[in-house]
Every structure is written in C-alpha cells, then in structure tokens.
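The structure follows.
Chain lettering (A, B, C and D) follows the sequence in which the chains are written, and residue indices restart at 1 in each chain.
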Amino acid sequence: MNISEIPYWLLQIMLIPALSPFFIGVTCRIKAIMQNRRGAPVLQPYRDLRKLFQKDEVISEDASWLFRAAPYLIFAVTLVIGASIPLVTTALPNSYTGDFLVVVYLVALGTFFLALAGIDSGSAFGGFGSSREMMVAALTEGGLVLSLLTLALISKTTNLAAISENIGSLPLTSFTPIILAFISFSIALLAETCRYPFDNPATHLELTMIHEAMILEYSGKRLALMEWASANKYLIFIALGANLFFPRGIAGSLEFVPVMLALALFAGKVLLFCLAIAIIESSIAKLRIFRLPDLLFTSFVISVIAIGLVN
Amino acid sequence: MAHLNQQTLLVFATIIFASAVFLHLTRKNTSAVRLYMVQSSAIAALLILSSFDRFSPLLIVAIVATVAVKIFIAPYFFYGLIRRHQLKFSVNTYLNTPVSLMVIAALLVLTRSDFFSALAVLATSGDKMLRLAFATVLISLFLAINRKGALSQMIGILSLENGIVAFALFAGLEQSPGLQLGITFNILIWVIIATVFASMIFRKFGSLDVTAMKKLKG
Amino acid sequence: MLAMFAAGAFGALLLQQNDRAANLWGNCLAIAGSGTGLIFSGAALLRGTIPVFVIDSSFPLLSLSLRFDQLSAFFMMIISLVALLCSVYALGSVRHYYGKYSIGVLGFFYNVFIVSMMLVVTAHNALFFLIVWEVMSLASYFLVIYERRETASIRAGSLYFIMMHAGTAFIIFAFLLMYRLTGSVEFEAIRGGIGAASPLMKNAIFISALIGFGVKAGIIPLHVWLPSAHPAAPSHISALMSGVMIKTGIYMMIRIYFDILSGAYLWWGLALLVIGAMSSLLGVLYALSEHDLKRLLAYHSIENIGIILLGLGSALVFSSFGLNTLAALGLAAALFHTMNHATFKALLFLGAGAVIAGTHTRNIEKYGGLIRLMPQTAFFFLVGSMAISALPPLNGFFSEWLTFQALFQGVLAFDVVTKIIFILSIGSLAFTGGLAAACFVKAFGITFLARPRSEQAAQASETAMLPRLAMAGLALLIVGLGVFSGMVLRTLATVAGSMANLQGAETADVAQFKSVSIQNGFAVTSMPAIFIGVIAAAVAVTVAVSLLTRKRKTATGPTWNCGSDLTPRMEITATGFSRSLITIARGVLRPSSETEIEYHDASSYFPRVGTVTTSLHDIYQTFIYKPLRDLTTIIAGQFTKVQSGNINAYILYIFLTLIGLLFFLDLQS
Amino acid sequence: MILLILIAAPLLAALASLAVRKKILVLEIIAMIVAPVEFVAAATIATQVYRQGRSEYGVYLAAGALETVVLITVALVGLAATFYSIGYLREEVRKQIIGFSRVRQFFILFHFFLMAMFFAVITVSPIMMWIAIEATTLSTAFLISFYNKASSMEAAWKYLIINSIGLLLGFFGTLLFLTPGNDAGVDKFVDWRSLVESGGSMNPTLAKVAFIFVLIGYGTKVGLAPMHTWLPDAHSKAPSPISALLSGSLLNVAMLAILKYKIVADAAIPTSFSRSLMIYFGVVTITIPAFIIIVQKNYKRLFAYSSIEHMGIVTLGIGFGGLGTFAALLHMIYHSLAKSVLFFSAGNILLKYGSTKMQKVRGVLSVMPVTGVLLLIGFLAITGMPPFGLFLTEIYILSAGIADHLPVVIGVLLLLLLVFAGFLRHIVGMTLSSYKAPDTTPIACGESGYLTVIPPILLLSLLIVAGFYLPAPIKSLLDSAASLING
C-alpha cells in the first residue's frame, strides 16, 4: 500500500457511513411522495442521529454488558463490511476481507449480536423480534450465498472486487444466470435490510416489526449507533447489488477522474435501487410471517437454477 | 453269525421288529412291559447264538448280565412301578392307532429306500435283517415321541437300545465282552434311575403323563 | 504416557475410598498423560517423522502396532488437547459427585477412555484397533451411566452401547472383508494388497465402514444414541465424547477412504455429501427444537459432523476423479473443522456443565440472567457460541469457509448430477450456518440474558477456578485457531497430503499478512485482517462515540412493557424462540404440539392457565428403530415356541433332524 | 500313572464321602483335598503332553493335545466349583434349605460327575467314552433334581430322556464307525488311534451316516440346536456350581467326542462333509438362543441359552476350519471361565434374592457390590467385548469363514449383536437399576461369604489375564490340537 492510495482507502471506508443516512432519507422521501405525503427532508436521518447522540440514555436494569456493547460492535462490523466491498473502484487490492463469504458471515455476526441484544432487555418485544430476525436471517442465508456464488463461479473468483471487475467485462449475452441471481439477491436484500414484504421499517407495531422490536429498549447514543448501523447495512446491500450485478462504470484504477465519475454513477445506481425499493414498499403488502419462508426458498431455488446455468 | 441260517435270523429280526410295532398298538402298560420282555428275549437269543463261534467265560458273564438286566430286572422295576401306582391303562398318545400305523409304515418305507443301501455294506448276513433292525430303531424313537406316558417313553428308549444291539449283531459288530458288560451295567443304572424318577414324578405331578411337565419353557 | 494413564486409572480405582484423593490422582495423571501426548504428537506432526511401535502378541494376527503418522498425530493432538483441558475442568468440577458416586470409578474409566481414544487413532492393526475401539465404547458407556441412579442415564447408556456394538459389527465386517482380500489385518499390508479388489468388494467395504463409523460419528439416521448419551454423562465427559470421541469415526473414515482403500468411486463421495448435508441440516433443526441445554449441544455435534462430512465427501469426489489437489483441500477443510469442533464443542459443554452445576437443571427454560451471576462462564460460552455459529473471526468460520471453497470447486469441476449435489450441499451448509446462529442466539440468549426465569437460576453462582481456567484455555484456543488459521492450514495441508491416495497434493498458499489463498487465488482471505479490522473498528467507534458523548448521562430503569410490570414469564421462552423455525420445517421435523388450557369455570371463556407443549415425533424411532425392535421381538416370540415345554416335541426335533439329515445325504449321493 | 490319579481321586472321594456320617465339615475337607489334587494332576498331564506330545497310562488311558485342552477346562472349573460349592452349600444349610444328607448326596454325585468327565476325556476307547458320557448324565440327573421341586424334577426328567435318546443315537453312530475294525479280529480292542488308521478303508457313505448319527447323538449333549431343548431346563434348575460345571465342562467334554469322531470321519471322507454339517449346526445353534435371549425372563436360563449359543460358535469355528479351529478350542476355554463366573454370580444372586426371575432381581450392584461387578464383567466377557478373549476368538472364527461362507459370517455377526443387545438389557436391568426393598422381607446388603466370591474372582482374573496373554505352552497345545482336527 503506498501513500497515494490512502485517500481512496479513506473514501472506501467512510463512504458507507457517510452516505447511508442520506439514502435512508431518500427512500423515505420517495415513499412519502408515492403515498401522497410530503415526507421528511432527505437529510432528516442525519438530524435524527445528531439529536440522538446528544440525548441522555436509559438502559434497562435487566440488561447486561452485552446490551451495552452490542451497538458498538454492530456498527463496527458494518464499517468493516463497508470497507471490504467494491464501491467506486475495483482497484483497491482488498484480498483480506473482500471474500464474499466473509462479507456474508460478517453480516451474520452483526445480526447475531443484534438478536442477543434484543433478548437481553427481557422485554417480550425484543425476544420476539430476535426470534423473527434469526428466522429470516437463517433462511436468507441460502439464497444470499448462492446468488453471490453464481457471480463467483462466472468470474472464477470469490473476491468481490474481482467479481465486480469480471462481470463488468462480460458480454451481455451471458447475463441470464446473472439476472436470475440478481432476482434471488434482491429477495435476500429485502430480507436482510428489513424491508417490505419482510419487515416494516416504519412501525413499532408488535405484529409487524422485526428489526425495530429488537432495538426497542435502546435510546440515546446507542440507538443512534443502531439506527446508523442499520442504515449502513441498507447501503451495503444496495451497493453489493449495484456493483456486483451491474458493475459498468466502476473505476478500474485509482485515478481521480474515473473514481469521481464512478462515485457519481454509484450514487445514481443506488438512487435507482432506492426508487425500486420505495416502489415495492408502496405497492405490496407485508407478508404474513409464515409466508416469508416461501419467498426465501424461492430465492434459494432461483439461485440454484442460476448456478445450473453457469457455463 | 455267518453259520446261522438266514431264515432263523430273519425270524428273530421280525420278532424284534414286531414287538416294537406292537408296543405302539398296546393299550396296557403291563403288556408293553411284556412286549419288551419278548423283544429282549429275542436279543438274548441272538446274543447266545452269536456267542457260539467265539466262546469265552467273560462273554458268558456278559450275556448272563444282559439277560438278567433286560429280561428280569428292568421288567421287575417296571412292574413295581405299575403296581405301586396302579398304572395299568394309563396310555395316552398324540396320534391314534391308524395314523400311528401309517407313520410306522412310512418309516418302514424309509428304511427300504435307497439311501439305506449304504448300510448294506455292513450286512454280513443279508441286509433284510439290518433294515428291520434299523426300522426298529426308528419306530422305537417314534414311540417315545408319540406316547405321553413316562413309562412308555422309558420302554421306547430301551426298545431303541434293543434295536441298536440287534443292528450291531446283524452287522457283526460285537464288542469285547468287557465293554458289553459296561454297557449293560450302564443300562441297569439307567433303568434304576429312570424308575426312581418316574416314581418321584408320579408323586409330584400325580400322574406319569409327561405332558403335565410343561412349566419350563421359553 | 500409557503408563501414566494406567497409573491414573488404577490409582483412582484404588483410592476410591477417598473422593478427594481419587479426584486429584486420576485427573492430575490424566493431565500429565495428555500433556505428554500433546507434546509427542505435536513433535510428530511438526517434524514429520513417523514413530512406529510394534509389540507382537501371543495371539495370532494380533500385534500391538502403533504408528504416529501425520493423520494419527493430528488426531492424537486434538485428543490430548481437549483431554488436557477437560481434566483441568474435571479437577474442579467433579466435587459435586463427592459422596454420591464413586470418584475412583470415574477416574478409572476416564483415564481408560482417554487412553483408548489415543490408541484408536494410532493403532495400525485391525484387531488391535477393534479392541481399543471397543474399549473406548466400553469406557464411555460406563461414563454415560455414571450417574446410575438416574433411569434416563441407564436408558441412554444402553441405547448407546447397543448402537456402538451394532456399529462395531459393521466395522468388523469391513475389516473381515479386507482380511479376505489381503489375508492381513495390518493396515500397511492391507493398503498394499487391496488395490486389485473387485468393485463389489470395495463398495461393500465402503458401505459397512460408513455405517460402522457413521454410528460413532453420529450421522443421521444413525445418530439416535447421541442426543441422549452425551447429556447423560458428566459434562467434561460430554465434552470429550462430543468434541473428540465422535471424531474417531471421522478419523477412521479418512483412514480407510483416503489411506487404505485406493481408487474411490464417485458415488462414495456423493453419498458422503448427501449424508453430510442431511446430517448438518437436520442436526441443527433438531437442536433448535431442543430445550435441554446438553441435548441441544449434542444435536449440534450431529450438525458439525455433517459439515465435516461435506468436506470429506467433496474430497472423496475429487479423489475419485484423480484431482488430488482439490481432494486435499476438501480433506484439509474436514480436518480443520474436526479440530475446531473439538475446541468449541468442548468449551460449550464445559460451559453447559458449569451452568448446570450452578442451577441444577438442564432445562433451558429455567435459566435466564446468568450473565450477571456467572459472567466469565457466560463470556466463554459466548465465544463458543460465536465459533459454532461460524462467525468471523473465530475458527468455526474459517473451516466452514474452507469447506465452502471445496464445495465451490466441485460445482466448477463437474457435470450436471454431481454439480447439483454440490450445489445442494452448499445450500445446506449455508442454511446450516444461519440456523446454527439462530439456535445459539436462543441457547445463549435464553440461558444467560434477561432475567432469571426460576429460583434455581436466580441463585446460581460462578463456577470454581479450575473449570473457568479450562474454559479460558479453550476460548483462547478458539480465537487463536481462528486468527492463525493460515499457519494451521499449512500443517493440515501436509497432513492431508500425507494420505496414500493424495500423495504430494498442494492445497493452499499462505501469503502476506497470513492471508490464505485457495486454488491459485480463486479465493483469498485473511483471518488476522478480519480480526484486527473488527476489533479496530469497534475500538475506534467506541472511542469516537464516547468522546462525542462524554457529557451525556446514562440512567438505568425498568424495561418498558406497555406500562405493566414485567415478569420473567413475559420473556420469550426457548420454545417460543424456535417455534417459528420449527413450524417452517414441520415437513421434516414432525413437531407435535399440545395445547392445554385450564379455565376458571366451566364456561371455557376465561382461561386461567394455558400450557403449550411442543415436542418432536422421533421419526427415526417410529419408522426405523421401533419396527426393527418389534420385528425382533416377534421373531424372538416365535423362537421361544421352540422351547414349548413338551418333551415329546423335543424328541420329535431330534427325530426330524435325523431323518432330515439322512434325506439330505441321500440327495447328495 | 497321573492319568489314573485323575480317575482314582474323585472315585475315592466319592466313596469316602459315602462313608461320612453327620459332619458336613468332613465332606468339605475331602472335597477341598481332592479338587487341588485333580487340578495338579491335570496340570501335570498338560505339561507332559506339552513336552512329549502325549501322556499315556497302559493301553486304556491316554491324553493328547486335544484331550488336554478339554481336560484343563474340566479341572479348572471343577476346582473352582468345588470351593464355590462349599460356600454355596454352607449358605443353603444356614438358611435351612437343605440338610446334611443332601449335602452328602451332593458331594458324592459331584465327585462321580467329575470322575465321569475325566474318564470320558482320557479313555482311549470310543465305547468307554460313550459309557462315561452316559455316566455323566446319570450322575447329574439327581443333581439337577437336587431341590426336589416339581420344576427341577421336570428338568431332570427331560434331561434324562432326551440325553439318553441322543446318546443312544450316538452309540449307534459309534457302532457304525467300528465296522472297519471288524475285519481284523472280533475281540480286538478298538481305540481312537486304530479307528483313525482304519478310517481310510471305510465305506464313505457309511462314514457319512455314522457321522450324522454321532453328531446328532453327542450334539444332544453339547446342546446343538435343535437337540438343545434339555439344556436351558437342566442348567437353570441345577444348583449353581453344578450349572457351572455343566456349562463350563460337560459341554466341552461332549464337544470333544464330536471332535474325535470328526477326525475319524475326515480320515474316511473329504473334510468338507463334516465341516458343512458343523457349519449348519453352528448356525442353527447360534440363531435359536440369540432370539430367545432377548425375551428371556430368567437369568439362569439366560446363561444357559448363552452356553448353547457359544457351543454354536465353537461348532461353527470347527466347521470353518483353519484358524477357526484354533479359535474354537480357545473359545471353549474362555467360555468355560466366563460362563462359570456368570453361574457363580447367578448362584450368589439366587441365594440373596431367592428368585431366578430377572424382574425380581434389581440393584445387584448396590446390594452385593462384588457379585454385581462380577456379573457386569462376566456379561461383557461372554458377549465378546474386548479386552476379553472371547472377542478375539469370535473374530478369528469369523475371519476363518469370511472367505468361503460370507452370508454365514454376516448372519452370525448380526446374531451376536442380537445376543449382546439382549444380554445388555437384562444385565443392566439387574445390576444397575436401583433396588427397592419390599416392605415384607428386606434383603440385607453384602455378600454371602468369601467362598462364594473368591472362586469367581480368581476365574475372572484368569480370564482377563488370558485375554491379554496366551502362554506359549497353551498356545502350542491348541495349535497341535487344531492341526489334529483340521487334518
């Protein structure tokens, strides 16, 4: 690693946490518009975070150190993942944590602690949230791994940056398995980021919520970290979707101009994703919890077909 | 026994065989004992006849012992048993007489069949007698199977033994008199012990019907 | 070393009058013995020499031949390592049994158990192997029934012993076939002579070895003994059984399939893959439905054996195509996971033991809030839970990663049918990882977090010093094996490469920053980087946030519960936690649920108490083992009729036999 | 000379016991003197045979390697059973189950029984052997009916009748075998050696018929199925020391007879005939008890069935030939030791619990720790668990058959598994379960006396040692015996 790479590394590391609240805001805004509301400004999430950081905090008397430590760890994990995936350039040689399995399992690490923290307060909500979260997470894993594996097998490597580079150079004719894998990935994306039809990110209603139930007991800075981490995760998955399946435009080198172009393109792609998600969220109903597995298995099966179509 | 007339031997063989068959037919314990005595007498006669060509004092002793045990002592014990427990008629079979006879016939056919011809090499004086003796063995065994009375079983076993001895005699398989004595002694002990047991069983079970003894199973 | 164990065993037996002395003597010698074993095997593993001991016996065919080749040394090392720490644990923990059960007997069988395991993995004579193998089963049987006044223990023990014996019958059969083919029972000689065996023979050997060793390893559906036997034993024994003993089955599979039997067939590997996928997936699902902490862990052993078999199966498939490098990769993955599972399962069982000792119950629903009462145990258990859920940067993740990679290579390499099996294996492995995480969120969360759910749990206290030390050792090992997995893998690659069928295969490059590269860079990862990354990020975030918010106060208050008072009854239960997943998997699990509601009056409108009991129909019992047992009993009943008690019938048997044989003779001539 | 002692000693002991009036102690002393004498005599014979290949006395008594193997088991179990009997009978006398005259009867018959067995082993004449084996039947009949209960009478009667029939058939077979000696001279004394020598001149079909008769005849005594029916009754009803002798010695003696005739038959006809017959009987004999053991309710019968099963294994081993024969002979020795231990522990349990029903026997390990451990270890040994020798011999036998009789080997493996499962269930139920004392007559904890535990402990130690180390003399004896049988 030489000195000239440092700014790009900083960009890589900071990009996800810096932009994630923005895209949450954007998604909310689009949704609001589609629902004929005005909605909060797109920068509202930043304000929320600031407000939360400035608040005192109440912690349940039943909670243990795990409850206190979890937000830091979960946020840190999203940082590491954010730094490991291709965002604007494939030229950062991250051969250490850039393996797609590492990313998938790091996500699981966050989920693990999130679920534990949900149980820790002893509230009835938290426990159920954890239960549902783990169910969804467990069932998502198959589709997620296999959809990414499709790409890995096409490009003969499991390194995300390399995958991105390879897929980008493929002719369009070989896109059938990739599209299938993308469908599968999208389902996993919705599940992992707690979106419709899996979860309703907007309510605190016990019948519908998963993610929110777990963080119900958090307040102040820890709630801020939790929300922020979840925003990071949202952006991470969108970035994966955007840069692995549609990697055109991602910079292949570490020069300023291509990187900045790629950044712009990246933002555009993410916005498209946000739009799509907002449309989905506004147009379909949340599924009953026991219908979710069907969807997740569908994702799994589609991936299997996709892999079958490779080469 | 080559010097003996085939016809004479066949008569003895038939007596032995017939008494075994009649053992199946008789309904009385006393007549069963009597039939056994007849059979034993035939055996004794054969023994005596056979002793003519190789005379020795020990052989005489052996023959006398055999005669004593088979014709006198064993029946004596049996009669005692019958007398003590009034067992004259206690004869019970699984198969009725006609069926028993059919089985006997089948066994007889068996001894006439081909596989038996291997034994014919033994025959020093015609294999007819051998076959009859062998049939006696099988029929006596069948007696022990078919009859439920302890006494009948004992007689069946002794008749089986007679059959074997007869077979040995017809095949010329005499053993040394010393061994003959030993075997006879053995049979004597056996008869005594079996009689004592039969008597004890009668006391425990109230009859000599062996089918009453069916506690030990599984 | 053997002498040390022998001394430990018999000394403990002699000292059985005095509990303390027996404990000290038995366990200290076990520590010394396994320490020696560790050094010895470590040396053999690293130096690459192969010490061989052969003592002729006075019996034909039998010789006490021990060979510490790479594979043996590796397994020996695992055994020694876990045994060492378990002995340390035992020193502190068996005090519960003082006055209740004989410590001397425990020490005796404990030492015999360890030493027999060591001999199992080093024996190179089939007869000798069978002897120590059975001794191992025997010793562990007595350890399972150690708490012999518990009926459950006795039942578990009987089932265990019978299953083991059944397995051994198959193993014997496998060896007999080898003997038939080669006329020898020495592994070396068998290896040399078996090459020309017919496919039928090879397949027969494969199948019977698979069943025989599969019983020990606990593959589904031969696993029925495992969930009841492991929990019945004292916890350090469970740790050894689950962590190490079931691996001896894996060891022998490797030994036979990769070392002795040359020329694998494709279907062998595929069969292993299918069994592995089934075992891992079903194992974890059963674990989810379990509310007995130790049973839960036992089911996870099945799951992990499944994962190991996935690695093994892929290796066997590769080996059948002659792709030795890939085969070595799969084998190394299996070996790695074997070692990892040994460490974290041992840790979890020890932790469970500490919890049970503290609360006097195995029912997970009765726990809760233990993290405050037993903070250190909780921490170690957490480490174990993370490792078994394959979370980076711990060791469980790396071996699953490696297994994944081996399977990926299979998808790349083969035609449709094989490929589909590989894909499904990958899928099952992925699902397994997720479900294991779910299960351990449940296990850890319900056990240690929130409020105590029962009196016992509220009064629990931290376990003694030595057990904690043992757990700390294992936790450290887990982290170490995870972070330094590159170096470990290099050693394992040589172990895998030392197999006769995979001679000289290169597996992985360990490059700069300890990153591991598979298949010329197909996949690269660096465990130290992940470890440092996560830690650094967490520290940075913590520091930054606390700097940012140092003026903000933190208050504690009751958990919000819609305004009502919160009681432990409102917390989620283990049943509730896993119910959704079980409902989803009802097709395979066949859950039964009974709802009982007591009403205040006859009107049945105002429920007073509602109880929901969920359990699983044991489909293996219902559909495999019970019919088998019933059939045997029926046949036995028929045979009993032979002995009818009727003497006439008895004579008839003799008569018929005679006639029959004479007829037979007639037919012959 | 020493061979004569073997017969004279028990005979004298029996006569001396007959003369004893009133004092049980005198009977005990006689037994205690005679048993070691017999054992030492047997051991001396064994050494002689090992050194010189054969031990002879006159033309009538002789022992070769094969005889010695059986002789060892008879003497060893006899020795242990003698001392165990003393302890066992003392306890029964104390409980007033039996009185002096019964004890005397026991010892007289015991000595006769031993004498008959010794004689059967070392006599050179087939007919004398037959007589001796018949004598064992007669001497044990009253021992089996020792308690004069209805069921023991029943057992004794069945024993007497079935064995008599069997032995008569065996006698018939013996006569058929004697035909070749017929030509030489009528009064010639026929011994085993001359039988084997003249075997070649025998008509093959005749030899086959003769062997069938002998196998069925002596097989009845060995307990080969389906002629085994008397065995569970007799072994379970006899006093425990006698059960041990019946199972541990008598079966071997009868087996010896079969083996000797096998050698004779093999001289006349190809060995494949006798082997296939023995394999057939072996399989049937393993199958029937294997299943019955599972549903058995009476522990002494359980052990008796196990004896049948083991005789089946021995027969099978001989049938397989090769290493199997060696293993079968060794198996006989191991089985004698293990089964005696089991019957001795059964005796202790019976003394304590007063019932042979397994259901009534619970918590042996708590009530009688030593017996409990003996029972457990004995069970492990008898079901062929390592490190006990029976495991090895079973493997040897199977390995001898694997080449030519694959289905048989598979079947037997499964049957052995079945036996193990059945045994485990029963033994665990008896020993490990917790004992709940009935309110009426609680059982006092503790053993019945040192004489009831020391003999089985010693036998067991011997068994364990023999499982690890096979002394060279024993091995060479077994080797030469096996080569005799294999031809």
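To be clear about the criterion, a residue touches a chain if its C-beta (ideal position, glycine included) is under 8 Å from a C-beta of that chain, and two chains touch if they have at least 3 such contacts.
Note that the coordinates shown come from a computational prediction; the quantities given were computed from them, not determined experimentally.
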_Of the chain pairs A-C and B-D, which one is connected by the greater count of C-beta contacts?_
A-C
*asked:* Can you tell me which chain lies farthest from subunit A, using the average of the Cα atoms as each chain's centre?
replied: B
*Distance between chain centroids, defined by C-alpha means - subunit A, subunit C (Å)*: 35
*In whole angstrom, how far does the Cα centroid of subunit B sit from the Cα centroid of subunit D?*
31
_I'd like to verify one number: the distance from the centre of subunit A to the centre of subunit B, where each centre is the average of its C-alpha atoms, in whole angstrom._
100
_For subunit B versus subunit C, what separation do you get between their C-alpha means, in angstrom?_
69
*Interface hub residues of subunit B, defined as touching at least two other chains*: 118, 141, 144, 153, 210, 213, 215-216, 218
*When you check subunit A against every other chain, which residues touch at least two of them?*
none
*Indicate the residues of subunit D shared as contacts by at least two other chains.*
157-158, 161, 165, 205, 208-209, 232, 292, 295
*By the touch definition up top, name every chain pair that qualifies.*
A-C, B-C, B-D, C-D
_Can you tell me which positions in subunit C touch subunit D when the two form their complex?_
57-62, 127, 130-132, 134-135, 138, 145, 148-149, 151, 154, 157-158, 161-162, 165-166, 169, 172-173, 176-177, 179-180, 185, 632-633, 635-640, 642-643, 647, 649-651, 653-654, 656-658, 661-662, 665, 669
_Going by the contact rule set out above, which residues of subunit C touch subunit B in the complex?_
640, 643-648, 651-652, 654-655, 658-659, 662-663, 665-666, 669
*asked:* If we count contacts the way the header does, which residues on subunit A are in touch with subunit C in the complex?
replied: 53-66, 72-73, 75-77, 79-80, 83, 95-99, 101-102, 105-106, 108-109, 111-112, 115-116, 119-124, 126-128, 130-132, 134-135, 137-142, 144-146, 149, 152-153, 156-159, 216-217, 220-221, 225, 289-290, 293, 300, 304, 307-308
*Of all residues in subunit B, those that touch subunit D in their complex*: 54, 56, 118-119, 121-122, 137, 141, 144, 150, 153-154, 157, 160-161, 164, 167-168, 171-176, 179, 182-183, 186, 189-190, 193-194, 197, 200-201, 204-205, 210, 213, 215-216, 218
*Which positions of subunit D touch subunit C when the two form their complex?*
157-158, 161-162, 165-166, 169, 205, 208-209, 212-213, 216, 220, 226-227, 229-230, 232, 277, 287-288, 291-292, 294-295, 323, 326, 365, 380, 385-387, 391-392, 395-396, 398-399, 402-403, 409-410, 413-414, 416-418, 420-421, 424-425, 428, 432-434, 469-472, 475
